[in-house]
Amino acid sequence: MHKYILRRLLMLMPVMLGVSFIVFTMMHITPGDPARIMLGESAPLEEVEKFREELGLNDPFLIQYGRFVKNLVIHQDMGRSYTSKRPVIEEILIRFPTTLKLATLGIVVAVLLGIPAGIISATRQYSIFDNTSMVAALLGVSMPNFWQGLMLILLFSVKLGWLPSSGFSSWKEMILPALTLGTSSAAIITRMTRSSMLEVIRQDYIRTARAKGQVESVVVNRHALKNALIPIVTVIGLQFGYLLGGAVLTESIFSISGVGRLMVESISARNFPVVQGGVLFIALTFSIVNLLVDILYAFLDPRIKSQYK
Amino acid sequence: MSQTKTLIDKQAVSINKKRRSQWLEVWRRLKKNKASMVGLFIISLLVFAAIFADFIAPEGFDDQDLYRRFIPPGSNHFLGTDHLGRDIFSRIIYGSRISLQVGFIAVGIAAVTGGTLGAIAGYYGGKLDNTIMRLMDILLAIPSILLAISIVAALGPGLVNVMIAVGIASIPSYARIVRASVLTIKDQEFIEAAKAIGANDFRIITKHILPNAMAPIIVQATLGVANAILSAAGLSFIGLGIQPPNPEWGAMLSAGRHYIRDYWHIATFPGLAIMLTIFSLNLFGDGLRDALDPRLKD
Amino acid sequence: MIKNESLLKIKDLTIHYVTEDGRVRAVEDMSITIGKGETLGLVGETGAGKTTTALGIMQLVPNPPGKIISGEIIFEGENLIGKSPAELRKIRGNKISMIFQDPMTSLNPVMTVGDQIAEVIKLHQKVSGGEAVIKAQEMLDTVGIPMERYKEYPHQFSGGMRQRVVIAIALACNPKLLIADEPTTALDVTIQAQVLNLMKKLKEEYETSMIMITHDLGIVAEICDKVAIMYAGNVVEYTDAESLFLSPKHPYTIGLFNSIPNIEEDVEALEPIKGLMPDPTNLPNGCSFHPRCPRATAACSERQPKSIEVAEGHFVFCLLYEHQLQLGGILDDQKID
Amino acid sequence: SNQTADAPTDSKPLIVAQRSDAVVLDPHANNDQASSRVMRQIYENLVNQNEKMELLPGLAESWEQLDELTYKFKLKQGVKFHNGEELTASDVAFTIKRALDSSHVAHIVEAINPNGIEVVDPYTIRIATTEPFAPLLAHLAHTATGILNEKAVTEAGDDYSQTPVGTGPYKLLNWVVGETVELVKFEEYHDEAKMPKIEKIIFKAISEDGNRTIELETGGIDIAYDIIGPDVDRITNAPDLNMVRDMNLSTTYVGFNVGKEPFDDIRVRQAINYVADMDLIVDAVYLGTGEPSKGPLGPNVWASNRNLQPYGHDVEKAKELMKEAGLENGFKTTIWTNQNQQRIDIAEILQNQLKQINIDAEVSVMEWGAYLTGTAAGEHDMFILGWVTVTGDPDYGLYPLFHSSTHGDGGNRTFYTNEQVNELLDLARVNADPAVREASYKEVQEIVRDEAPWIFTWTGEELTGIRNNVKGFQNHPAGHHKLWTVYFE
Amino acid sequence: MTKRLIEAKNLKKYFKTKKGLLHAVDGVNFYINEGETLGLVGESGCGKSTTGRAVLRLLEATDGEIIFEGENILEYNKQQMRQMTKKMQIVFQDPFASLNPRMSISQIIAEPLEINKVYKTKTEINRKVKELMETVGLAERLVNTYPHELDGGRRQRIGIARALALNPKFIVQDEPVSALDVSIQAQILNLMSQLQKEFHLTYLFISHDLSVVKHVSDRIAVMYLGKIMELSDYKSMFKTPLHPYTQALLSAIPIPQINVRRERIILEGDVPSPINPPEGCRFYGRCRYRQGICKEQTPELRDMGQERFVACHFAENFK
């Protein structure tokens, strides 16, 4: 198991290198001069030129990439933000907890709504509860996040005045964003739980459990759920990764200063070091979450555990 | 020989079911699923609206009249007018063209590229598989919305570029799905049977593997269209979408959000349009999944 | 034939599955009796309704689509049909237990085998957790698996061992009736021999009655006291093992015997039953075997045969015998070919 | 308001919301509005500029112009920096030299000769420009020339942008990057008269425009900057809110690439000016905020020519001009804009109106980076941009935009070239006589109006929403509102 | 005069797995005469299918030779091998998995004809398809049905028709009846022997069901863990099995006759893993006659006379 984890962690390195190369290339083929954007349209040309020189943007692409990798590997340094002049890592670490909190809350909302709804739906297939929760789940995935956020603000902040429309520091401020972010994932988790449970409930060993005279609730919650959990956990992991990187829209609607928005702003500001650092960071987190999910599999399923050896 | 002949004649037992190909069978099962038929119906309406927008829409999508801005929904303008005095209903009708185009073409790009890569990786395995899948891992590790944003940033906004961006961002999921189903099909005996009668790789992939791998691809594609439409709308929302005055729903919503407190209809209807579209695609996709995989149904 | 006190009596049991494609008459008007300590073989080809009968006894027919239409299942004098779920749970796994066909899938892959045995013990016996574990270990030992493997998972076991675990679960509470649904079909011959041996031994030890579902007449010959041959939901012949093997009556039974390659003597060609199993949703009128029956007459397509007792305790459901009975009493054993 | 100055300061913090968080708090490290708005409270300049853009003494008690090139400033004594250091002339010299080295703000001080900075005594400094530069004082009032403490800067090194030390009435207390900047009253502030009345100010970043209004309404914030058109009436009409609105120094324009056919033809540009119904556009897009511009400079900029004759809406005339230019059948063109909803709206309406003279325009919304690069390279036909004359001096608002030496990246993205305009701009830049300058600038505005390298579009307004109990707030046209005058009622 | 059609010499097939080298087939020798059926029996996983596939080069053998009509086909290139597909065919075990569910019956049967360009026109192909369907006893009206509409017996007939399409000389039958019910199984078995006579076919008949193998085979090879334990004509094998494993196997079969009780040899434990098997006799662990030598020395398949071959050090004792 340890060996397996170590191997997976080692395998992350080429992936991260690939990610950084793709991002670097993307950024460099994107039209727009970072120096010019940073200094604004009113800055004179000499200043822009000087700034380009300072940033090392006049060097050939591969040299710049080489420098980036060298600094990263040797000094664990991702450079400084073009705008704020802060070290990139600091810039990201300031924002990351916010996004992490947001995504976690979103996932918590999603799991709390999704798994029970999915289980009940599956055990009472085609009942009214099943049908309503499936329609609700479908609506949940169908609603664009940004629109849902607007509507929630309109209702809870403007009409009712119960909850603030922006920020993410007090728990009151967290409710709407978490709800906005969580619902689509909740929907996906509900559907996954339902179909996975349906699949498992048909299995022979569930029949065996019933033939033992086991109570239905135990059959469902102990025998079925644990077996059904693997695809559900996969989805939760994927969703979590997705929420981490994809919270952009929610973040902008609720004026939350998270990594997502930092990325979008940095992409449009051509703040290369921050984009690189940020994407690498998100990709790393995403990959680690995936790894954690894979490790979790082993705890859920002894068959998988034996493969990891 | 004579004995076999009598055998045929004595095969008195009827053939159980009417003759039908598998696709007819799927269609029959699908028809029984009311929800997915509702979905299909709405999608058909949308496709119809998209094709015949010129006849259905009371006005052009860009017929501005600055003297009739912000008219609420009512008899003159079914869904009201927007901040530039354009008929929202007409714009939504024309908008279905863009959304469906983006949805289908982006998915087309993703499914063809991803599918091909996945099929090659799954069928040949080994180093090729490793290389392709690691590449997909890399793409997958970059959050798709950020990937799409940077692709649009690099290519510039516009319909085609949005389709490309959204398409590229979802390549890995198709590659994975196709690879997985190719892997399961590859080991089935009928593939070996094909080899035994001398079929080459190309024939095996195209005639034997892909047709059987279609089910998950089709389901993924239907749901993918929904996702692509959402992604495109999201891109538009942050200003990286289709060029105005083209009535992309996400862009309409984004433009309308400034006025949402006084003129709720401007941002609400495009949002509803997106929701309805995604909803029906999902209904249909779910139904299709069940129909293609009879195991899932009791 | 030993006339034992009956343990289970099935009367006119009818079970249908109502599906999109139509109504499957999986079990029709079935009546059988099992005495204490007796083993009944339930034989038939795919789709004959063997598993459905077993699930019917367990009251575990999946609903929907399955439904017990009519009939009685009298176990120890009480009708199981109509009992509350709680009462049934007390019986399942305790007084009646079942071994399913496929040992590969009938164990929960994420629970240790020991826990799966202990579970049934805890459910039906008033024992502490620790005692249940000890009992489960004993059961493992009984079926010939080292106790140390208590904490292992099903995937770490071979097929034969898994089936032993399933047997251990089934026998853990010393049931009165054991239903074994093709317990060895998925196993290799040498392993099958091990498992059958074990079952025979344990059955005698525990004095359990057993319903052995199989399509292998060899197994029937080896361990069954009574046999019911099923075809398309109907019992077509029901008798003790000896009369079945020595003088099979129903044309289907005879066809079945003629289809099996004989290991003892050489035959040039087999004499298979012609034709195929009928569509379960669209069974032929009259006797459902008549389209394949070499001795069918016009009447066979019109009338459903009733149970005829051709010899004492030997029941055949065939118009042929009804006819002969009307003509002049029971005929001597005769080979129909 | 003197009474309140003596009253104990309010312990309730003042919460101010703006679109984004400050990027840096080092005046030389960036030049963005959000940072400037915070830095205005932290740093002070030699020269102050009031809300009418008049120049007043700041850290310099007085100054005199010694010759065409040289000014002598007398510094106020006993001014303390937030770190306890006292302000001396060497800090000023250090600041200006550092600004000259900065790649972000050098252009504000570029006229100054690095060798012409001379510390006469601790409280006297002489500053000379390389060439005569009339707007120098206005530039020294720019936030980019806020005076820094040499010791603080050297000690902090690379991190100075997060640990600002100024002489202003507020100092940095806490900064949650991306969210809030907290300032606290500087107890040892040198100017009793300007002593802050509120203990603590919190700048909060709320990026969604509508949300700032919502937060203002619900009392989550006290002051909301940059209110958007649709919310102006709502705030004006709300009983517990006030709308503070003043014209600012910004202008939005639609530029032609005059280096390209057919926009090299003055008649085409004029025709488009005639056909574009700017009153209608401004009304529709900006919902009655700001006003349609008549020429390149807004009314708040000194020497703005208020006598310019607007083109007005005259389709017939436009058609006539097009015919004269031989283009009565129109042509195909594109309108570029960046992702600013108002500008996109302008482009869309304009596109529609251009159809009247058969011009088939395609709107192309571009990403900011690509947009700047493209317009600098002259790849565009028509484009929409804005300009803020932060210094309030017309030199800043005209030279970079119309002088032919600034083509492309320098700011003149229309590639407009007019020898006479060049000469006038050069002259006004060096001439010390305000009257001469004013006349030159007015003439430049005339010429530009006639030659129409732009469609003159909109002059913006500084729109600030405040809660009723907030008093003493005044908009500054440059947007860097002073908050030490603010108090709660 | 009997003629050898095909011969496997020291055939080996190893699979690389995560846990090590899996010796699926480990040095197998046999030959089949023209028109004859060789039965191959053994328990699940002993390497029967792998042998069958390696013989047809559906799997590349790790080592050994396959002599078909005097030539080692393992040395053939792709082109030559393609010619061989016309002579050697296979029928698979699972009638559900071995037919492409997306193809109709006629498409499935026509495919080998199309690939090998046997006929020029569509009509010729169609005629041949009809003929083949008749040969295997499929009604003509089934031409356009799909496999999923048919029962296992009919599907297996389709598989047989496909194998017959190219007029092969040799067919590997990989458990063709084990998925079928007894009554259908008997029909198919009859069909196969009839086809064998009609077309003078040679079969390698793989099965784990000894009674079936005995019924169809002229000679039988018993496999255990990748090796052949015993190879004899069916009569002698059933009368006097010479290998302890064969003995156990034969005794384990339940016989559908009452009052016929034989002594049953119950083997202990399970078949060991084929991954990196130790030296010595593969059956060592479960053999009741095992001796020291069995563990050290792998017994060769020895000729015991009368075309009987046994891989046991003590075979003579059982004669």
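We call the chains A, B, C, D and E, going by the order they appear; numbering starts again at 1 in every chain.
To be clear about the criterion, a contact is a pair of C-beta atoms (placed from the backbone, for glycine too) under 8 Å apart; a residue touches a chain by one contact, two chains touch by 3 or more.
Everything numeric here is computed off the predicted structure, so don't read it as measured data.
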Check: So which chains count as neighbours of both subunit D and subunit E?
Finding: B
Notebook entry, point to check: Among the other chains, which touch subunit A and subunit E together?
Noted result: B, C
Next item on the list: Determine, using the mean of C-alpha atoms as each chain's centre, which chain is farthest from subunit E.
Entry: D
Next item on the list: Determine the centre-to-centre distance between subunit B and subunit C, using the mean Cα coordinates as centres, and give it in whole Å.
Entry: 49
Next item on the list: Averaging only over C-alpha atoms, locate the centres of subunit A and subunit D and give their separation in whole Å.
Entry: 39
Check: How big is the gap, in whole Å, between where the Cα atoms of subunit A centre and where those of subunit C centre?
Finding: 54
Note to self: Among all residues of subunit A, which ones touch two or more of the remaining chains?
What the structure shows: 30-32, 158, 252, 268
Next item on the list: Scan subunit D for residues touching two or more other chains and write them down.
Entry: 367, 369-370
Next item on the list: Indicate the residues of subunit B shared as contacts by at least two other chains.
Entry: 7, 11, 16-17, 153, 156, 254, 257, 260-261, 298
Notebook entry, point to check: Mind pulling up the subunit A residues that touch subunit B in the complex?
Noted result: 14-16, 18-19, 22-23, 26-27, 29-32, 125, 138-139, 141-147, 150-151, 154, 158, 191, 195, 198-199, 202, 241-242, 244-246, 248-249, 252, 260, 263-264, 267-268, 275, 279, 282-284, 286-287
Check: Across the complex, what residues on subunit C touch subunit A?
Finding: 58, 60, 85, 88-94, 97-98, 100, 102, 105-111, 119-120, 123-124, 153, 155-156, 166, 169
Item checked: subunit D partner contacts - residues on subunit B that touch it in the complex -> 62, 64, 66, 69, 83-85, 152-153, 156-157, 239-240, 243-245, 254-255, 257-262
Item checked: Of subunit D, residues touching subunit A in the complex -> 21, 23-24, 26, 29-32, 103-104, 106-107, 110, 158, 161-162, 176-179, 204-208, 211, 214-215, 218, 220, 367-374, 376, 385, 387-388, 400, 406, 408-411, 413
Item checked: Interface residues, subunit A side, partner subunit D - complex -> 30-48, 50-51, 54, 80, 83-86, 91, 94-95, 98, 153, 157-158, 161, 164-167, 169, 252-255, 257-258, 261-262, 268-270
